[in-house]
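I have a structure I would like to understand better, so I am pasting it below and will then ask my questions one at a time.
Chain nomenclature is as follows: A, B, C and D, assigned in order of appearance, with residue numbering initiated at 1 for each chain independently.
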C-alpha cells in the first residue's frame, strides 16, 4: 500500500480538526479537535520518519504526546473553572471581552 | 555732473522735525507749528541757494548729485540712496518748498482751533520730505520710496479727522487707489531691471535705445498707470473728490499744487521711454484728454466748492498729461502749466479755505453768495486765480494752457484736430464751471443764514493768498519770457530734436480761439446763474445728474470691483473652512470609520478569531502559490 | 566652549535656575527668564565678532559623535542664513518675555512652567538653525513641537487644546514624511560610500532624478506645512487664535521660518534638479498663498486670525522668492524671514495688548482707539504699514527684492504677486480703519494707553523695522554669500538683462 | 562503547538557573508558611532572573552550536535576546509585588463565599512566581533553539504557564478566565499549525535541525510543496505569538482580561522570544528561498502596521489600546525581521528593548490608576490626570511618545533604525505604510496625552495609588531607559551591533 496515503490521511485529519474548531461550540469538543490536529501532525511525523528511514520523526511524536498531555492538564483546568463559574462550557458564552 | 553735499538737508530737515513733533507729543504743542514752518521755510532757502548755485554752473555741471549710502546691492541689482538735482527737479523743489511754506503759514491760523495742530504740522513736514525725495531720487526705486511716502502723507492728512468714519473711508480709498498706481510703478521698475539690469534714471536712459518696442511700451504703460493713480487721472481718478475730506490747506498743497502733479513729473522724468514708444504716447494723450474733459464736466455740477475745485484740478492735470504725451516739445509746457497751476489753484483753494473759515466751514456754494463785499481780499485773490485758470491774457494760465492747446493742434492730421479740439472744449467748460464757482460764491445775493457772520481772515491767511495771487498773475509771463523754462529744461527733456510740428494755425489764432470759447463759457455761466436756488434742483438734465454723480465712477467701481470682491472674500472664507480644512477632517472621518469596522470584527467569539486565523493561512498559501508558481 | 554651543545651551541653564526658584515668587521667575534670554542674546551677538563676513560656508563649526552606528553627529555651524535667523530668535525671545509679562499668569500650569517651556523652545530654535547634521535637524524639528504644544494647550485661550493638537498633528505628519526622506538620503549616501548625515557631504551626492523627486517631496511637504504654504495652512489660524501673543510671535515669527529655512538649506542644496522640476508648481502654490491669504485676511472678523492670514500671504512671498532661484529672490526671501519676524512680532504684541485691554479679539469691538490710546494706535499702525511693505520699513526691501528677483525669471508670477501689495493695502487699512479710526466704541472709553514696560518691549522692534528699512546693508551683507553659494550648488545663475548694450 | 552526548552546561546555565528557580518556587509553595511565601517567592524569582542575567553577561562572547548536541545554538544574537528577556522580566516582576493583582484562590468561584473568605484572610496566589519563571525559561530557550522539536517544546513551555496566569486576575475574574480560555484555545490551535508545519519540514528535509533544512532548501530540485507548507504553517505559530494580523485577534482580549502586571510581562517578553526565534529560523533555514516567502511577510507586516494603527483610533480602554499599539509594533518589528540583514537584526533587537521598557512601564502605570473597584482602564476617566499626579501623567506621556516614535525617546531611534534597515533592502512600500501608520497611531497617542493634560478632571474621578518602592523603581527604570536610549542610543545600539552573530 502506498505510504503517501498516510500523509493524505493526516492532512484530512488535520483539516477536520481545524474546521471542527470553527464549527463546534463546546470548549471540550473544540479542544478535542485541536488534539486531533496534533495527532494528525504525529501521524505525518511518523510517516515521514518511515519515508526517510530515520527515527527523528518518531522521537518528535513522543515529544508531541507529552506536550499534548500538558496542554490537556492546563486546558481542562481552565475549561472547568469557566464551567464552574458560568455553568456552561459553550465558548460563545465566553464573549464578554470584545470590540 | 557735480556733487553737492547739501541736497540731503532738503529731505532730512523736514523728516527730522516731523519725527520730533510726533515723538515729543503734547510737549511740542506750544511751538510745534512754528518749528515746522521754520523748517519748511529753510528748505525753501536751501532750494533757492541750490537754484542760484545751478545758475553759476553751465552745461552738464548744472545738475548735482549726492550719494548718501549704498542702499540695496544684491546680485547685479545695485541701488544707492543718492539724490539728483537737475533742471527738472529744481522746479519742483522750489514749487514744493515755496508753496509748502506759504501753506504752513496759512495753516498756523487755519488750524488754530484744532487741538491736534502739532500733529497736522508734523504730517505737513513729513509730506514735504517725502515729496522732495520723490523729485530728488536719482533712480526709480528712490522715487518709489518718496512716491509711497507722499501717498502715506496724503492718507494721514485726508484722515486727519478720522474719528469721522466718512473721512476715514476717504483716506483709505485714496491710499488704495494710489496703491493700484504704485503697482504700475513697481512693475515698471521690474521690467526696466529685467531689461537694463538697472533702475537708475541714467542707466535706463542709456539702455532705452537698445530695448524692444514692446518692452518700452510696457514700461510706458505701467508708468502711466502709476501717474494715473497719483495724479487722479482716468481710470483711477475717483479718490480725489473724496480726498477733500482733509483740511483745506492740505487740499491746496497736496491735492492741488504738488503731490497730484507727481504723475506729470514721472512721465517727464521718463521722457526717454515715451520718446521711444509712440504707442505709450498715444495712451498718455488719450488718458489726458479723457481726464481733462471728465474733470471739467464733473466740475460743472458740484455745489461743494472744494469738490468743484478738485474736479478742476483733475481736469487741469489732464492738460499737463496731455502735454507730456505730445512728444519732446510738450514736456516743457506741461511743466510750465504745472507750475502756474500750482500758483493759481493753491491760491484758489486757500481762498476757498478762507471762505469756509468765514462761513463756519460751510462748503455748499448754494449757501454762499455776495461774499465779495465782506471778504474783499479773498475775493480779489480768488478772482486773479480765476482769470489765470481761464487763460485770460496776460495771466499765468494764458501762457501755459494756450501753449498746450497749440501744441495739441500742431500734432497734425486728425489727431491734432481731435486733441486740440478737446483741449479747446475743455477750456470752454473750465470757463463755465469756474465762473459758476465765482458767481455762486462772491457775486449775487447773500444766501447764508443769519447765524453766520462772514468776515475776512487774518493776515496769516490772506498773506499767502496774496503772494500766490501775484504768482498766478506773473508766473506765466516770467516762465515763458524768451521761452526761459523751455531752454532751462532742454538738457533734461532734450527738446532739441523737438520739432514743433508744422503749425496748423498761427499761435495768435489759437489764442483768439481759446479766448473766444472762454468768453462763451463764462458768459453762459453768468447768464445761467443770475439766480441760484438754495437747494439744488432735482429735476435736471440726465447730463447734470451724471455729473453730480461723478459720471457714475463710484457706482461703476462698486459694481465691478467692490461687490465681486466682497463676494469672493466671503466665498474663500467658506472654502477655507469647508473644503480645505474639510478635506483633512474627511480623511480623519474615513479612518475612524474603518477603525469602527475593525472594532466590530473583534466580536469576542473565539471561533471567529480562529476563523480569521484560518483565513489568514489560506490567503498566505494563495500568495505563496502565486509567487512560487 | 564654542560660542554657538554656548548660545544653544544657555537657555537650558536658565531652565535649571528656574527649577530651583520658588514657585510663588513669580516676579523672580520672570526676571530669571528675562535675564537668561538677555544673556543668550548677548552671547549670540558675540558670535558676530567671531563671524567672518563675506565668507560662504559654515563657520563656528563643531562636531561631536552622537550616534556612532549611523555616523550621526552633534554637528553645528552657521552661515548667513542661520546667523540672521538665530539673531532673530535671540532678539525676539526677550521681547516676548517683556511684552507678555503677564500672559503666563492665568494658564493651566505655573508661571514657572511657562518660562521653562519658552526657554527650552529657545534652545531648540537656535539649535535647529545651527544644526548642520540632517538627523540632528530632524530630531529638533520634531522635539521643538512639544514645548509649543504645551504652551498653546496650557496657556492659550479659547479652544486651546484642540488648536494645540491640530498644530502638533500637522507638523508631526510632515515630520514623518521628512523622516522617510531623511532615511532615504542616508541610504543613498550609504550606497555612495560611508553613510553620512552631514549636509555638506550630502550636497555632493549624485542622486538619480526619480529618487531626488521623492526625497525632495518628503522634505518639501514637511516644510510647506511648517511654513505654512497653501493648502497646508489650515492649522495656523486656530493656533494663532488660541495661543498667547508671545507664543504666536515665536511660532509665526521664528518656528515657521524653519520651513522656509529648510527649503533653502535642504531642498535647494540637496536636490537642485528636483527643485528645478518642481519650482513652477511651487511658485503657483506660493502665488495662491499670497492672494488667497490676503483675501482671507480681508475676510476675517478676529484680529489674531487676520494676522495669521497676513502671515500666510507673506510666507507666500518668501517661498516665491526662494524658488525663483535668483540671487535677489533668495536674498530677499531670507531678509523677508527676518523682517516678517519683526513685523509679526509688532502686530501680535500690540494686538495682544489691545485684546488684553478690550477682553475681546473681535475687530468689531474696537474702534476709535486712535483718540484715546495714541501711542498704542501708532505702534499698531506702524506694524500694519510694515505688513503692507511700506517703503522706509524693512519689509519693503525684502518684498521688493523677492518680486524683482522673481520677475527676471518668471515675469507672470511676479505680476500676480504684485497684486498682493494692493490686497495688502486693503487688509491693513480696513483693519486700521475699523480698529483705530471712527467714533469711540462703547466699552473702550477707559482703555489705558501703553505703559512703560510695553513701550520698552515694542521700541526695539520698531527701531529694527525702520533701521533695516533704511539701511538693510548689514543684513544683506551677511546673507549674500550664502545666496551665491546656494545658487552655485544649485548651478543656477541670474538671468542677464535682455536689452544688452 | 557508548559516549553520552556532551552538554555544555556553562552555556545552558541561564536556562537551567531559571528552571531551578522555578522548581525551588514549587517547593516553597509546598513547605513555606503563607505569611512569608509571597516575599520569599518574589525574592527567589528576582534573584534567579538576576543570576541568570549575570551568567548571560559572563558568557556574552561565546559562540557554540553544540551546546546541546546541535539542538541549541549559543551566539551573540541569542545571548543578547536572552539578556533582553531577563532584564525585561526582572522589571516586569517588580510590578507583581503589589499583592492585590491575583486571585486569592483560583479554584474558588467568583463571588463565592470561599473567595470572600480567602479575600478577607488576605490570601494571595504565590504560584504565579514559579509559573512566570517556567515561562521565562521557555522564552530563553525559544530564540536559541536550533531544531524544530526544541522550538516546539520551548514554545509550549513559554505558553502554557502564561495560559494559566492569564486567568488569575483578582478582580473581574470572569473576564480574566475568559481571556485565559481564549488564549489557551487559540494558542493550542496555532501550535498545532506549528507542529504540522514542523512535520512537513521534516518530511521535506528528513531532519528536524534547522541547519539540515537549510541545506535541503538550498539544494536544487527539491520537492518544494512540503517546504512551503512547512514554512507557512510554522510561521502561523510564530506570528500568533507576536500577534501579527491576522493572527492577532486574541491580543486585545487577553491583554485586557489578564492581570495587568502579567499583561506587561507577556507583551514585552513574549515578543522578544518569538521574534528572536522567527529571525533565527528564517535566516538560518529559509534564507535561500526568501524571495518566495518574503511577499507574504511584507503583506503581513503591512496589514499589521496599518491594522493596529487604524484599529486603535476608536478604542476607549487603555489596556486594549496598548494591545493594539503592540500589534502595530509587531508590524514594524516584522518589517525589520524579514530584512534578514545585520542592520535588520540590530535594529530589531534595539526595537525590542525600547518597546519592552515602554510597554512594561505603561502597563505598570495602568496598575496605579484606580478607583474604589480597582484599576480604571477607561481613558475618559483619566481626564486631568496631570493635575492630580503630574509625575505619573508625564511618565505615561513619555511612554506614549516612545510608542509614537517622537524624537528623544527610545521608540524614535528604534523606528528610525528599523526604517533605515528596511529602506536599505529597497522595500519602499513598508516604509511608506510604516510612516503613515505611525502618523495615524500618533493621532491617538496625542489624544490620550491631551485627555490627561488638557481635560478638566471629571466628578467620577480616579485616584493614583501611592506606588510601593519596587513598583515606583520599576516605573523609574522604564522611564529612564526610554529617555536615555532616546537621547544617547550609543549605549545599547553599539552593543547590539556587535552582538549580531548568528551561527548557521
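We adopt the following convention: a contact is a pair of C-beta atoms (placed from the backbone, for glycine too) under 8 Å apart; a residue touches a chain by one contact, two chains touch by 3 or more.
Being a predicted model, the structure only gives us computed values, none of them experimental.
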Comparing chain centres built from Cα atoms against the global Cα centre, which chain wins on proximity? C
By Cα centroid distance, the chain farthest from subunit D is B
Measuring from the mean C-alpha position of subunit B to the mean C-alpha position of subunit C, what distance in angstrom results? 37
Between subunit A and subunit D, centroid-to-centroid distance (C-alpha), Å: 25
What whole-number Å value describes the gap between the mean CA coordinates of subunit B and subunit D? 80
How many angstrom lie between the CA centroids of subunit A and subunit C, rounded to a whole number? 66
Would you give the residues of subunit D that are in contact with at least 2 other chains, written as numbers and ranges? 181-182, 185, 189, 193, 252-253, 443
For subunit A, which residues are shared contacts with two or more other chains? 18, 21, 30, 91, 94-98
Where in subunit B do residues touch at least two different other chains? 599, 602, 604, 606, 610
Throw together a list of every chain pair that touches. A-B, A-D, B-C, B-D, C-D
For the complex, give me every residue of subunit B touching subunit D. 588, 591-592, 594-596, 598-599, 602, 604, 606, 608-610, 612-613, 615-617, 619-621, 623-624, 627-628
Taking the touch rule as given, give the residues of subunit D at its contact with subunit C in the complex, in rising order. 346, 406-408, 412-413, 416-417, 419-420, 423-424, 431-432, 435-436, 438-439, 442-443, 446-447, 450, 453-455, 488-490, 493-494, 497
Which part of subunit B faces subunit C closely enough to touch in the complex? 22, 25, 69-77, 81, 141, 144-145, 147-149, 152, 159, 162-165, 168-169, 172, 175-176, 179-180, 182-183, 186-187, 189-191, 193-198, 206-207, 210-212, 215, 568-570, 572-573, 576, 580-581, 584
Listed in rising order, subunit D residues that touch subunit A in their complex are 106-107, 109-110, 148-149, 152-153, 156, 160, 163-164, 167, 173-175, 177-182, 184-185, 188-189, 192-193, 195-196, 198-200, 202-203, 206-208, 252-253, 256-257
Over in the complex, which subunit B residues touch subunit A? Could you list them? 599-600, 602-607, 610-611, 614
